[in-house]
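Going in written order, the chains are labelled A, B, C and D, and every chain counts its residues from 1.
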Amino acid sequence: MKKTVAVIGATGVAGQQFLAALPGHPLFEVVALAASPRSAGKRYRDALTDQSGAVRWYCQEPLHPDFAALEVEDAARFDGARVDLVFTAVESEAAAELEPRYAKTTPVVSTASAFRYEADVPIFIPGVNLDHDRLIAVQKKQRGWKGFVTPVPNCTTTGLAMTLKPLYDAFGIRQVIMTSLQACSGAGRTPGVMSLDIIDNVVPYIPKEEEKVEKETQKILGRVMGETIEPAAFPVSATCTRVPVLEAHTEAVYVSMERAASVDDVTQAMRSFGQDFVALGLPSAPSRLIDVSDDPFRPQPRLDRDREGGMLTAAGRLRRDHALPNGVKYVLVSHNTKMGAAKGAMLVAEYLAMQGHI
Amino acid sequence: MKKTVAVIGATGVAGQQFLAALPGHPLFEVVALAASPRSAGKRYRDALTDQSGAVRWYCQEPLHPDFAALEVEDAARFDGARVDLVFTAVESEAAAELEPRYAKTTPVVSTASAFRYEADVPIFIPGVNLDHDRLIAVQKKQRGWKGFVTPVPNCTTTGLAMTLKPLYDAFGIRQVIMTSLQACSGAGRTPGVMSLDIIDNVVPYIPKEEEKVEKETQKILGRVMGETIEPAAFPVSATCTRVPVLEAHTEAVYVSMERAASVDDVTQAMRSFGQDFVALGLPSAPSRLIDVSDDPFRPQPRLDRDREGGMLTAAGRLRRDHALPNGVKYVLVSHNTKMGAAKGAMLVAEYLAMQGHI
Amino acid sequence: MKKTVAVIGATGVAGQQFLAALPGHPLFEVVALAASPRSAGKRYRDALTDQSGAVRWYCQEPLHPDFAALEVEDAARFDGARVDLVFTAVESEAAAELEPRYAKTTPVVSTASAFRYEADVPIFIPGVNLDHDRLIAVQKKQRGWKGFVTPVPNCTTTGLAMTLKPLYDAFGIRQVIMTSLQACSGAGRTPGVMSLDIIDNVVPYIPKEEEKVEKETQKILGRVMGETIEPAAFPVSATCTRVPVLEAHTEAVYVSMERAASVDDVTQAMRSFGQDFVALGLPSAPSRLIDVSDDPFRPQPRLDRDREGGMLTAAGRLRRDHALPNGVKYVLVSHNTKMGAAKGAMLVAEYLAMQGHI
Amino acid sequence: MKKTVAVIGATGVAGQQFLAALPGHPLFEVVALAASPRSAGKRYRDALTDQSGAVRWYCQEPLHPDFAALEVEDAARFDGARVDLVFTAVESEAAAELEPRYAKTTPVVSTASAFRYEADVPIFIPGVNLDHDRLIAVQKKQRGWKGFVTPVPNCTTTGLAMTLKPLYDAFGIRQVIMTSLQACSGAGRTPGVMSLDIIDNVVPYIPKEEEKVEKETQKILGRVMGETIEPAAFPVSATCTRVPVLEAHTEAVYVSMERAASVDDVTQAMRSFGQDFVALGLPSAPSRLIDVSDDPFRPQPRLDRDREGGMLTAAGRLRRDHALPNGVKYVLVSHNTKMGAAKGAMLVAEYLAMQGHI
């Protein structure tokens, strides 16, 4: 018996990525789609169609005809109790209103930021901090909910925290500096990134992005202490930029570690990371979490983003950093709308279902 | 009376930039062009024409008809003594052979890296370290040359050293971390960056670039001590990437300073930097060396690269960095083929001419 | 004494292009800016600033501080009688409402399509059909206006009609086929072309564009007959596509002529076109209307769009077409937001002012 | 028993595409790779590695380790008799020399143009003109070869001839006009299309391309008459341009037909085309040859190129053309390095093997 699932915010880029990943899913069956009142009452395909007749479906995977024909419901009126699980992919403001309603009765796995910084809410990355699931019981109890809300992080945090975790565990971390070169899809579709702004250009600022990355990374690598999470102590400093790339964020990372380690040791720590998690055999899991390339020209977003269904974090250029104590530096590529959003959330949900939380 | 000038390596991207900037120059008059034997004997325009008939002139400025009609000479046979000044814009290997020959009789201002790391050779950036010109006498004496060789730095170093200099002078520097997002023109034209490699992509590695940036920055910010330069002591760590941008390098910089300073103080130090130099009124000089924008979305390479004829370093996003002691971080845009190459070399030459070195 | 001018729709891409071209204009002085109620009451610079703080000014020319500080008025309440001339750069629906109001008292030169297909309204292209100005008196009389409305054509029509006119006059035209490769700026800014839609892609459809090009070309090359324009009889067939180019439309044109003509004759007809118009010395006029390149790799939008201030139509690849009777084919590049929009409208207005219509 | 196969020109873009498609092929087994002397003697992976260490493998499919380890042979010394079939993917000049040598003993299926215009050589497109295989016996007899040479067309011809064929058969064709918007991969890798030439740009000329398209289309749609092919009589006029797209050519096509036909009839003719061929069930065949979209925004190269493994020709925007007698016009997208090159050649070879020619 599959779990029944609703996708809220189904018309946006992140919502579409949920629907691109759900056809034929062994655990989850989509039974409802919801979005803003503007889309409510239309068939999903019609809701994606703009005034000029273009179907604004952005995924490479085709739109499944079953989903195309579903009637979109009004998210504000959707009753979470109708399903076993709610995926939300809406803007933060909408999530702040909608997610508590659904969570009264139903587990909510979200790509929105609204609840990420609440004391009783874990921000899950698969294979990194799923032990933070101990907070779910706390959250239910404190809020009097039968369900709960667990967001995934900002898409730029995902690859960073994923690659820092094995270093943190093995060698400790003192400080982290990161510059991102982010894909256009991260900005969504309304309005998204205009071509006039990004062709032959770099935009050196993405509002609120750096603060999210800095704070979320510390929380994700933190420890559950009683009824909350004590964030990791090391500071993170980020500069987030937009580049003319369709999908996948590239990040140049500099880490000062607590203990000295050779490049080989750090490479080995990354490569062997997450084997236990991968061994669970969850449907959306990659065969390994992190690849470290020896080719100095890799990773590249266009060449590496679709490996393992967009669920692999591709690292490379791992080398000593001489400006920081016990410093290493590397480059990573992480698919922002796969592992960094909907498919990452789905993998989280698969884990939570396996653990009996859903 | 203008100084007579030869441009060596005239057919490459950097050589073309010299020619784009020289028409009507008040101090310099081009009397000879030279390149490889393959181009020798052809008129310059013909030498730029490929087998399919395309004229491979890459500058926005039109090719001046006087230069188009000049016969290209063989660089290996060119006699430097025929001119007052030689601009070289050739690959490093060729420069290693050619520049000492010319320098026996004639001053050589170069965009090549061949001599940058020699003890008696200053790497000039206009307004930053022109006092290193004291080494010119040392170089002449030690090598028995009537002329000399003074290279400009790698194009990625230019913006970095330019913006670090006012911080170094005012507050001291402990360590520097920099990630670059470099334009395609930096790779020249043979073969340059292939469209298949860079459309919808980032290439996270540029061979030898990071080492150059790290070493050159220290030397440029160093002090003349006797017959050589003592490099600045702070470490520089760089990650150099290529992005789908035609012109101008973007750099995200993180600086740990010796002394604490407010964002306002640092901004002020950058904005007021180089006033004495600018006051000299040299023909290719911008009206100020560094602009610091308050608009968080600036600088952008497409919007800021052509300001002040490509000779301005555009900075922005200046803010505290909490991961480094006394940390500040910012983003800069510097035109890699204008101030970062030929026009920067020309401005150096203007200064050297004014000082009587040429 | 300069004519006083209002720019309506000042915040859009076309409106900005008017403002980019008007500083220091010898004939026109901007005294009012107007836009939608959302912008009304704000200073112009603030009206361009989006919620994230970005100033959405899209022109390469800097925003003139005088305009930045002007208060934007509500276009619906703007009284045309306050100025000598109104430039409108609004969407078609808004133009249908606003332009007749202004025209009651004041000449209106417009980039909008609302009135293009009215019997008593000429669609002006500078140097091509300014003799259609005889319709202005008809329009005033029929509508009882003191002013009038004269739109410029769709930006894709401009280069096509410009290059067809000399062929039509010299050799006659039987039929025209044209495929366009249009720049992203043609779609404006709200929402414009999304980067997700156009990077590494071509979009083969632009709603309503082909019909406009086909109909407008016939009207522009038509003759004033009594109180209307009899359109040229030859059919025009267009396919309009969007490509990842920022500015300037490229068009591949195939023409079947009434009379046979050599490639040299056709080239000559284009090159010598418009000399009388150019000789008028209007402020925004280029030194010639059409250039025909012999380099087979030209025209290119990035290299040719800014020649003569974006007011030159660059043609090339002129050769025989063997599929059509008396066939010739060529490629043209025309700057869609300069000659094809605001600056073209300004040049029209300069002519109309010279003729005493304004 | 699989047929043994050699790939000549294995290091180029087209050669790589052969290798991307051959792993696990049910009929063909690669036993030899050959290229220029520069690559000879190296392992294939090393031969692809440039001086900076980058592995210049351009296919999305990974490089199969078996191929990576194969030693590249010198094409000039390769003995065709060692294999059952030779795929050649070299430049035309090299093909002119090499292919006759191999063909003395062995069938050669080629992507090169060297033999396309010989009287006894058919240019095959799968499903379009495979009945031209009657010329193979003629060719063998006339040249005294045991093998033969059959090239596939220029990649721009493929989609055009594919979509014209059903119209030609059903309604007759009088004349064809076509403008292409071609991908960068069509120019290969040495030097290919430079990023400096194509970012934010269109290049309106591809040397020799238009002549190829015009001539090949007529030959492919011609009839075998005795010992040669009588080309189709209708003229074809092409303008071939390059756009900033990685893969897949877009073409805007205008056709004047002998007999009037409705848009529905033409659509139906395209959609039902090639069913017999597809029914053969050849390993590389798509499930249908041509799709005609009703969505006016399709086809788009990025969205449609990979459908059916790059073997589908995606058409759309099918509508009446009023400039030509019995005119229709449409847009097509065809994958230039899949169906338009190596995979198309492979599908041809599969057919020839089935027919006993190999």
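The definition used in the following text is that contacts are C-beta pairs under 8 Å (C-beta built on N, C-alpha and C of every residue); 3 or more make two chains touch, one makes a residue touch a chain.
This is a predicted model, so every value here is computed, not measured.
**Q** Report the chain whose CA-based centre is farthest from the CA-based centre of chain C.
**A** Centre of mass proxy via C-alpha means gives A as farthest from chain C.
**Q** Name the chain pair with more contacting C-beta pairs, choosing from B-C and A-C.
**A** Result of the comparison of B-C and A-C: A-C.
**Q** How many angstrom lie between the CA centroids of chain B and chain C, rounded to a whole number?
**A** One centre to the other, that is 41 Å.
**Q** How far is the middle of chain A from the middle of chain C, if each middle is the mean of its Cα atoms, in Å?
**A** Their C-alpha centroids are separated by 46 Å.
**Q** Can you pull out the residues of chain A that are in contact with at least two other chains?
**A** Only 52-53, 199-200, 207, 244-246, 296-297, 303 qualify.
**Q** Given the complex with chain A, which residues does chain B contribute to the contact?
**A** Touching chain A: residues 175-177, 179, 181, 200-205, 207, 235-237, 239, 241, 243-246, 250, 252, 254, 296-303, 316-317, 321-324, 327, 329, 331 of chain B.
**Q** What part of chain D is in contact with chain B in the complex they form?
**A** 13, 52-53, 58, 184-185, 189-200, 207, 244-246
**Q** Chain A touches which residues of chain D in the complex?
**A** 52-55, 60, 199-200, 295-297, 303, 306
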